[in-house]
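A, B, C, D and E are the chain letters, set down in written order, and residue numbers restart from 1 in every chain.
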Amino acid sequence: MEINWSAVLGIVFTPVIAFLVGVTYGGLTRRITARIQNRFGPPFYQNILDIIKLYSKESNINHGVMQHLGPVFAITASVTTLFFIPVIKDSPVFTNFSFNGDLIFLLYIMVFGSLGMALGAGQTGNPNSAIGVSRGLSQLVGYEVPFVMALVAIMVQFQTTSLNDLLAVQDHFTKWIIFQSPFAFLAAILAFLGMMGYAPFDVVIAPAEIASGPPSEFGGKYLGLMLTSRSIFTFAKLVLFTDIFLGGAHDFITLIIKTFILYMIPVLTGIVFPRFRTEQSIRFFWSWPLFFGILAILVVVF
Amino acid sequence: MSPVHFIAIPLFAAFLIPLAGKVSKELVKIIPGLVLLYLSFVSVTLFPIGTHHPVVEIIAGFKPPFGITLYYGAIAAFLTTLITLIGFVIWLYSYKFIIREPIEKYYMLFMMLITGSTGIVLTGDIFNLFVFFEITSIAAYSLTAFLRDRDGAEAAFKYLLIGSFASTFFLLAIAIIYANVHTLNLADIAVKIQDVPVTTRLFVLILFLIGLGIESEMFPLNGWAPDAYSQAPSPVGAVFGGIVVKAAVYSLMRIIFLMFNSHDVLHFLLVMGIITMLIAEMSAMKQQQIKRMLAFSSIGQMGLVIIAFGIGTEPSVRAAMFQMFNHALIKSLLFFSAGYLVFHSGSKKISALDGLGHDKPITSFFFAFGALAIIGLPPFSGFWSKLYILLSIADAGLMVPVVLILISSIIEAVYYLRVVSRLYFYKEEATDVRRTPVSGLIAMGILTVVILLVGFYPNLILNWMTPAAADLLNKASYIKFGLF
Amino acid sequence: MIYYATSILLILIGMYAVLVKKNLIKIVIGLSIVDNGIHLLLIAIGYVKDGTAPIFSKPGLQASQMVDPVPQALVLTAIVIGLAVTAVALSLIIRLYDHHKTLNINKIRKLKW
Amino acid sequence: MNSIAYILLITFAGAGITFIVHHLIKPLRDIIAITVAASGLYFVIQSLTEKTKIVFGIADFNIIWGNTPYSNLFAVLIAVLGFLTILYARDFMAEKERLGYFYMNLLFVIGGMYGIVYSQDLISLFFFWEVMTWSSFLLVIYCCKEAQPIGLKYFVFSAIGAYSLLIAIVMIYAQTGNLELSNILQNFGNISEVNQIVIAVLLLTGFGVKSAIMPLHVWAPDSYSISPSPFTALFSGALSKMGIFGIGMVLFKFASHSGYFSYVKIILAWLGGITALLATFYAIFQTDAKKLLAYSSIGQLGYIIIGLAVGTPLSIAAALFLVILHGAFKAMLFMSVGAVYFRTGTTDMNSVTGLIRKMPLSFVTMLFGIITVSGVPPLGGFAAKWMLYESLIQSKHYFLVIVVFAASTAAFLYLYKLIFSLFLGQEEVEWSHVKEVPLLMLIPMLILSAFVLVAGIFPGLVLDPISHAMQYLGNYGFKYETSVLFNEWGNKINMQTVINVIGAVFLIAGLFVTFKGLKKTRYVTTKDIHTSGEIPEENENLTYAVDFYKPFERAIAPALKASIDKIYTAIGNNLEQAFDFLRYVYTGNGQTYAMYVVLFLSLLILFAELIFGIKL
Amino acid sequence: MFNDKEASKIVDIIKNFARKHSLWVVAYGTGCGAIELPPTMTSRYDAERFGIRGSATPRQADVLLITGYLSVKTLKRVIRTYEQMQEPKYVIGFGSCTINGGMYWDSYNTIKALDRYLPVDVYINGCMPRPEAVISGFIKLQQLISEGKADGAKRYRENLEWYRENQRKVIKNWRMPEYNW
C-alpha cells in the first residue's frame, strides 16, 4: 500500500500546530486583557505551563466512565473538526480530510464535543455542572440559528456545501465572502461571539457564579485535556471562519494574521462587556443576528 | 309449507301459552322456543324460494285485489328470516332472564309481537298492515310496562299516547286512500293511485310519513322511544330494536316505493334521517343510564338506515338492508349484555358499572364487542354495512351526509367507549360472584359469532341482500305478482 | 257532507283534548273521540245516499245502490282495536295512579332527557 | 399460499390463539407470542425476494394483497420492531395482569400494520387501518383508570383521521368506481382537479393523524406516555410510520397530476417544520421521560414529513431513511426508558437519577439513541439529517431549513435532559437497589444499538432498499455509495472517513487519558463533589433536575402560551355542552311528544310545497 | 542520548517549572485576611504575572490559601476542601492566626496551630499581611516547589493517622465521608 507521506505529515502536525497556536492565542488573550486592565499580565506561554501542570498532576479523580470520557469526546470533536477544514489553501499537507466532508458535517461535529463534555459534566453529579450545561445548551440554540442562516445564505449563493469549493471561489481578496455577502458575515460573526464563549456570553462557565460550571469537577489530566481541546477548537473555528469569509490563507503568516484579527473580535468585546443572563443572550441572538441572517438569505434569493 | 305459518303459528302459540301455563311453567317457556325454532326452519327453507320468485298466498279464497294476500318476496323472506332468527335468540336469552311472573303473559305478548311483525312484513293488504301494526303496538305497550314499576308504566303510557296518534293517522290515510281508489290491496293501490289528485296523494303521504315515522323512530316523532327502550325488560328492548322498528321501517319504505316514489320524498327522508341520527347521537352522549343510551343509539342507527333508504338507489337500499340486519344483531347483543350488566350492578346507571369487567368478564366482553361492532370497526359486520351506505351515498353524488354520518360515528365511539372503559378500567377488584346464566351467554355467543362471521365474510349476507333490494325497489314486479 | 264535517270536527275535538287536557283520563277520552271521528269518516266514505245494506236482498238491486261493505268491516276491526288500546291505556293509568298518586300528565315525567 | 398470506394469517390467528392460551396454559403464552412474531419476521424476509399478489373477493370488492419495494421497506420495519417488542415485553410485562389481552392486541396491531402495507386496494387498507386503530386504542387504555380519557382522545382523533380517509375512499369510489390501487392510480388523473385536491387533502389528514402532524398531534404525547413501554416502542417506532407510509403513497402515487398540488406540498412541508419546532420546544419542558420522548417522536415525524413533502430524491431518501432510523432509535429510547420504569417504577425525570452504574447497558442504549436522534456523527442520525438539510437547501426551502435546524439544535436540550436526569447526575440512595434489566430485555436494545451504528457507518446498506422503494414511488436518480453520500450539487460526505477519523482520535485520546497516571486515578462517589466544603447528608438531594431549562423557558415564553390542546379541549367541552342542551328536546312529557307529532304534521302540510314541490 | 534517570530528571525539571509558574489558588476566605486578596490579584499588585490565578473549585486548584483564623466549624470544611484537591497540592497559612491563633489565642473554638491539622507549606505572617507579603509568600512557595521541597501532600498522606487524630480531637461531630486514599 502506498502511503501518502505529505498527508500523514499533515495529520500528525495539524493538531500540534493548532494546539500551539491556540494555546498561544489563549495566553495572549490573558495578557491583552491584563494590559487593558492596566496590569502587567502573565507571559504569553502561561497557558502552556498551565496545561503541562495539569497533566503533571499526580492524583486524578473521576465520578465514572462518562466523566472519564467527557474530555475525550471534546478533543475528538476538536481534532476531527480540524481535520475536515483545509487549514492552508491548496496545500497537500494541510488539506487533511477536508474533501470528505462539508459544512453541514462541520456544524454537527462542532457540537459533538460539547455534548460529550456535557455528558461527562452530567455524571459528576455536581449541580453547578448541570446548571452550566443547561445554560450552555440553551445558548447553543440561540447562536446556532443565525450561524446556520449565514451558512445557508453562503451555500445558496455559491451553490456548494463544500469548504474547498468556497475557498476556490475566493481567489482574490475582492471576492472574499465578507465582501460578497456582508450580511451573512455579520450574522456569523455575532454568532461567533457566542460560540467562543467570551463575555458577554460566558454565562456557561460564569466562574464567580456557578464555580466554572461544567468543568467544576474536572481536574488534573481531565482538565488538561479539556484545555488542550479548547485550544485546538479555538484555532479550528478561527480557521473555519477564515476559510469561509476571509478567503483562507496560502501560507502560515497570512493564516496567523487573519485568524488573529478574527480572534480579537470576541476577545476585545469580551473585555469591555459584562455578562448576559441566559435568556438575554438567547434573545440577543434572536434579534440582530437573526435579522442579518434573514437579510442575507433574502439578498441571495432575490 | 307456506308463508302463512309465520303468522298463524305464533298467533296460535300466543293463545296456547296461557293454557299451557295452567299445565306447567316450563311448558310456557319452551313453547315459544319451539315455535321460533320451527319458524326459523320454515324461513330458512322458504328463503331460496321466496328470493327466487315471490310467493303470493291468498287468504280465504278471495282473489286479489279483493281478498287479503300475503306477499312473500325476497325482502319479506329476508326480513322474516331475520325476525325469526333474532326472535329465537331473544327467546334463548329470555329463558333465564325473565324470571318475574307472569311469565306466560310475557311469552304471549312476545308471540304477539312476532305475529305482528311477520304480518307487517308479509301482508299485501294495507288495512291488514294496519291491523298487524296494532297487534304489534298493543303487545309492545304491554311489554314495556311488563315490569310493573313506576317508570315502566310511564314509558308505556307515552308509547301508547304517541302510538295511538300513529294508528290514527295511519287509519286516516287508509280511509282517504280507500275513498279515492276503493281498494285495499297494496299492489292495486300502487296501480290506481296514479290517477288520484296530487293534493290528496300528498296528504296521504304526509299522514303515512307521520304514522309510520312514529314507529320507525323518526325525529321529532320519537319521543316515546328512549323511554320505552330503557324501561322495558332488556330482551324487549332487543325486540324493539331488532324486530319492531325494522318492520316499521320496512312498511314505510314499501309504501313510499310503491305509491310515492319521487325524489322529493326520498330527499325528505334523507334529511329527516340525518336529523334523526345527529340528534339521537348527540343526546346519547351524556346519558346517565346505559339502556337509555342504547335507546338513543338505536334511534341514531335507524336514522342511518333511513338516510340510506332516502338515497333510493339499489346499492343504497341494499346497504340499508344490510345495516338493518347488522343493527338487529348488534343492538340485540348490546341489550342482552347491558341487561345482565344492569342486573348485576343493581342500578341502571352507567356509573354503577365500574369494574364489572372483572366480575363479569364474559358478559362485559360481549358488551365491549358489541360496542366496537356498532361503531363500525372492522372486522365486525357493522363495518361493511356502514361502508356500503357511505359508498352508495357518495355514488349518488352527495358528500355532506357522508361527513355527517362519520361525525355521528365519532360521537357514537365516544359514548360507547366511555362505557367500555368503565367496565374494565375504573375499578380493579372483583366483588360479585353471581353468574350470567348459560342460556343468556349462548344467546350472546350466537350473535357474536354471526357478527364476526359476517364481518369476515360479508358475502354471506350480501348475496341475499341484492334480490331483496331489487324486490323493494321493483314496483312493477310487485304489482305483477301481487295482482297475478 | 255533514258526516265528513262531523268526523273532522270530532277528530279535532279529540286532538284538542289530547294536546291540552292534563288529566290522563281526559287524554284517553280524547283518543277515543279521535278514533270515533275516523270511524265515522270511514263509514261516511262507504255511505251511499239512500243505499241499502250490501246484501242482494231483493232482485234487481244494483251494486251501486248498496253502501260499500268494506269500510264497515274496517270500522268493526278498528273499533275492536280502539277498544283494546283504551283498555290498555286505562290499565296503565291505574298503574300510574298507584305509583304517582296523581293523574296530571305534567307531574308524571320521571323519564326525561 | 405465499408469504404474505402466511404473514397475515399467522399474525391474526396467533393473536387469537395467544388470547385463548393465556386463559388455558399461561406459560405457553409468551412462547407462542414470540413464535408468532418470529415467524412473521421469517416470512417477511421470505417475501422480500418474491413479488406476489393475492386477489380474492370480499363483498363486492376485489381484495388485493401484494408487496412492492415500498411496502417491503415498511414491512421489514414492522417485523423487526414487532419481534423485538414482543421479546422485550416477555420480561417487562411478566408481573402484569391481563396479559392475554395485551399480547392479543399487540399482535393485532402488528397484523394490522402488515395488512396496511400489503394492501393493494383501499378497502383492505381501511379495514386494516381500523383494526390497527382499535387494537392500539385498547393497548393505550390498558394500564389504568388514568388512561381512559387519554385513550378516548386517541380514539377520537384516530377516528377523525380514519373517517377522513374513509371520506376520501368513498369519494374515490364515487369518482372512479373502483378501489383497486393500480386502477385508481391510472384513473386518478381523470378526476376533476378540485376533487383531486380534496381527496389528497383528506387522505393526508387521515394519515397525518397517525403521524401526528401539528394541529392533529394532541393525542400523541399522552397516549405515548401512558401506554405500556413495549407497546410504546412499537407505537412510536412502527405504528406512527403507517401514517408516513400513506403520506408517501399520496404524495407520489396519487396526486402528482394536479398543478395546485405543489401548494399542498408546501403547506405540508411547513406544517412538518412547525411540528418539528414546536414539538421540540414542548419536549424540552416535560418532566416525564415518556412524555418527552412522545414529543420528540412528534418532532421527528415532522422531519420525515418535511422530507416527503419537499419531494426531491434526496429528501425522500432522507425521509425514508429517517423512517427506518426513527423506528430503531425511538424504540431503543422507549425501551431504555421502559427499562428504567421496570426497575424504578417511575419515569419522572425529577425523581429518578444516577442510574448509570446500575444499568450500564440501558445507559449505552440510551446514549446511542440520543446520539442518533441528535444527528451528531458518527451514528445513523447524522446521515439522515445530512441528506435532509442538503436536499432542503438545494430545493430552495431556505427558511424551512432554518426552522428544521433550530428544531434539531433545540433537540439537544431535551435529549441531554433525558439522559442526564435518568442516568447521570447524583446517585441517590433511593435508587441504590436498582439492577440491570434481564437479558431478554437487553437483547432488543442492543440489537437496535448495533443497527444505528451500522446505519451510521454504511448508510448505503439502508439506502439500497430505500432506493428500490423510491423507484416504486417514481423517483430516480439519487446517488450514493455504501458509505458515501452525495448531494445534488455534487458535494459528498464519506461516512467511512468520518468514522475512521473519529474512531482513531477517540481511541488515541481515550488511551492517553486512561493510561496517563492510571494508578493514581481513582473513582469517587457523586456525593464527593465540590460543595464549598459542606458535607452533604446521605439522603440530601443534590440533583439539579427541576426546571432544568428555566432560562430557556423564559427566553421563549411567548411561543409556549398558545396550546392547541387547550383549543381542542375547549371545542370538545363546548360541543358536549351543546349536545347536552339538545337532549332537552326530550322533555319527558308525553303530551309534549304528542305536540311534536302534531306540529310536525302541520309543518309538513304548511311547507309541502317547499318539501315535496307540490302545493297542498 | 539521555539515560532514563537523566530523562526523568529533565521531566521533573519541566514539571516543577510548570507547577511553580502555574499556581491556581482556591482561597478559603475564613477570616479578615480575605480582604487582602483582591488587591493582590488586581492591577496594583497583579499576582497573575507569576502565574497565580484564582480557581473556582478545589478540583482544579493547586494552592489552598487559608486567609485567617479557623474556627472548629470551618476547619471541617477546610479539611474537606483540602482533601478534594488533586496532588500535588500546597497550603499557605495566611496571617498570624494560622500560626498560633493570633489575637484569638485564647478563644475556645478557634484553631490555634493550623499545622497540627493540615500540612502547611508556607506561612505568611502579619495581621494582616500586606499584598507584598502575600506575593513574597507565593514566591517562597515557588522556590520550594522548584526545589521539590513543597511536599505537604505527601506528608499529609504519610501521617494521615496523626492528622486525623488531631482533627478528631477538635471536631466533635466527626461525620466526614471516608475517602478511598
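Heads up, the rule we're going with is that contacts are C-beta pairs under 8 Å (C-beta built on N, C-alpha and C of every residue); 3 or more make two chains touch, one makes a residue touch a chain.
Because the structure is a prediction, the values reported are computed rather than measured.
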Where chain A and chain B overlap in contact partners, by chain label: D
Chain labels contacting chain A and also chain D: E
Distance in touch steps, counted as few as possible, from chain B out to chain C: 1
Reference chain D; chain at largest CA-centroid distance: C
By mean Cα position, the chain sitting nearest the middle: D
Reference chain E; chain at largest CA-centroid distance: C
Chain pair, most C-beta pairs within the contact cut-off: A-D
Inter-centroid spacing, chain E versus chain C (mean Cα positions, whole Å): 117
Length of the line joining the C-alpha centres of chain A and chain E, rounded to whole Å: 35
Where chain B and chain D are represented by their mean Cα positions, the distance between them in whole Å: 43
Chain A and chain C, separation of their C-alpha mean positions in angstrom: 100
Junction residues of chain E - those touching two or more other chains: 57, 59, 87
Touching two or more other chains - residue numbers and ranges from chain C: 18, 27, 108-111, 113
Touching two or more other chains - residue numbers and ranges from chain D: 520, 522-525, 527-528, 530, 583, 586, 588, 590-591, 594, 598
Pairs of chains found to touch, sorted by chain label: A-D, A-E, B-C, B-D, C-D, D-E
Chain E residues within the chain D interface of the complex: 28, 57-59, 74, 76-78, 80-81, 84, 87, 175-177, 179-180
Interface residues, chain D side, partner chain E - complex: 520, 522-525, 527-528, 530, 532-535
Touching residues on chain D, where the partner in the complex is chain C: 583-584, 586-591, 594-595, 598
Of chain C, residues touching chain B in the complex: 11, 18, 24, 27, 31, 34-35, 38, 41-42, 45, 68, 70-71, 74, 77-78, 81, 84-85, 88-89, 92-93, 95-96, 99-100, 108-111, 113
Chain D-touching residues of chain B, taken from the complex the two chains share: 157-158, 161-162, 165, 169, 198-199, 202-203, 205-207, 209-210, 214, 220-221, 223-224, 226-227, 262, 264-265, 268, 279, 282-283, 285-287, 372, 377-379, 383-384, 387-388, 390-391, 393-395, 397, 399, 402-403, 406-407, 409-411, 413-414, 417-418, 421-422, 424-426, 457-459, 462
